[in-house]
Amino acid sequence: MFEFDTGLSSIRRLQEYVKDKKEVEIKLSTDDLLVGRLIWQDQNCLCLVDQYENTTLIWQQAIVYLKPKA
Amino acid sequence: MFEFDTGLSSIRRLQEYVKDKKEVEIKLSTDDLLVGRLIWQDQNCLCLVDQYENTTLIWQQAIVYLKPKA
Amino acid sequence: MFEFDTGLSSIRRLQEYVKDKKEVEIKLSTDDLLVGRLIWQDQNCLCLVDQYENTTLIWQQAIVYLKPKA
Amino acid sequence: MFEFDTGLSSIRRLQEYVKDKKEVEIKLSTDDLLVGRLIWQDQNCLCLVDQYENTTLIWQQAIVYLKPKA
Amino acid sequence: MFEFDTGLSSIRRLQEYVKDKKEVEIKLSTDDLLVGRLIWQDQNCLCLVDQYENTTLIWQQAIVYLKPKA
Amino acid sequence: MFEFDTGLSSIRRLQEYVKDKKEVEIKLSTDDLLVGRLIWQDQNCLCLVDQYENTTLIWQQAIVYLKPKA
């Protein structure tokens, strides 16, 4: 379960990416690699918008890793 | 575990899709991609109805991502 | 974790299938698709009986989706 | 998380198989199918003994389904 | 979640393997099969040392089964 | 869920790797093998920096094993 405590480094780092509208790559448990900007995060999901302004709700439980797009 | 708190962005967004009878795509941990309208949601499941009015109960634990059908 | 609260739509829907001895298809995390009648459900498992009256205990954690046999 | 409450049908059914030294098949998340007799169960594991009296500790989290050997 | 209660058979059995420096095989969710001696265990991890004295931290969540090396 | 209790061997061992800026290999549930230095850890994530100083947030839930680079 994803611990949504704003004191945690993980939550703060994701909050920075949301604030900076950073483009990120997110690897999922099905091997999908999604690219886009983080719009918001909560215990259950990350909300990602891609280059065509399509919104995807990603379940926290399915995330493997996330990194800023090089 | 899926946190069913209506104050959360994720729950509110899904509730909008239910209200608007939006057609959505749901990617599952087995790589299945199901398409249909969200009828209801709770801690355990999403209920999806497809174009043939067939009902599918999807376990929250198996969801990877969800997005409105383009 | 599967929330076993009879006030939830998911639990009530499964309870209907048990009561009506409905034939269902259950997709599992290993891509197995099991077919049979739901005999009972609890937090941990669903109990399924197939056409040869063989009983299978299915762990809730491994369920992806469930739908009535068309 | 596997709820170890002896009032639950799932726990009682497994306890019967332990008592009766029933031979069972256990399907795991890696698609392995293990066969043997259930020796004991707890929140974390099932203990299985195969035909060569080798003991295997199976993590509950990895179990997909279990059924008596036909 | 792995219940770290020393009253449980699973924890006691693993503790025996640690005490006896038993060589074990551990099957993981990625189908990896690791072999080595159990050095310690806690809620989060098992610590395994292989024949070259290399240490591996194995996340409990990724364990499928464990058995003494035949 | 990853128990973030600094009394645990697992947390202490990871803290050592962070302090010593140790190069580690991390196997993920998607079979990815990431290599780099651990910068920090919390309940939700490990933060890894690779040889090109790129940062990756790894979800705890997706970790299979971790070992110091030989």
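Chains here go by letter, A, B, C, D, E and F, matching the order in which they are written, and residues are numbered from 1 within each.
To be clear about the criterion, contacts are C-beta pairs under 8 Å (C-beta built on N, C-alpha and C of every residue); 3 or more make two chains touch, one makes a residue touch a chain.
Everything quoted here is computed from the prediction, not taken from an experiment.
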| item | value |
| --- | --- |
| Intersection of contact partners for chain B and chain F | A |
| Chains touching both chain C and chain D, listed by label | none |
| When chain A is superposed on chain F by its C-alpha atoms, the rotation angle in degrees, nearest 5 | 60 |
| Chain of greatest Cα-centre distance to chain D | A |
| Same or different contact residues where chain E meets its copy chain D, judged by the half mark | different |
| Rounded Å distance, chain B centre to chain C centre (Cα mean) | 19 |
| Chain D and chain F, separation of their C-alpha mean positions in angstrom | 33 |
| Length of the line joining the C-alpha centres of chain A and chain D, rounded to whole Å | 38 |
| Residue list for chain C, restricted to those that touch at least two other chains | 1, 29, 61 |
| Chain-level touch network, classified as line, ring, star, complete or other | ring |
| Traversal of the chain ring from chain C via chain D | C, D, E, F, A, B |
| Of all residues in chain E, those that touch chain F in their complex | 1, 28-30, 32, 34, 40, 42-45, 47, 54-59, 61-62 |
| Touch list for chain A against partner chain F, complex | 1-3, 5, 8-11, 13-14, 27, 29, 31, 60-61, 63-68, 70 |
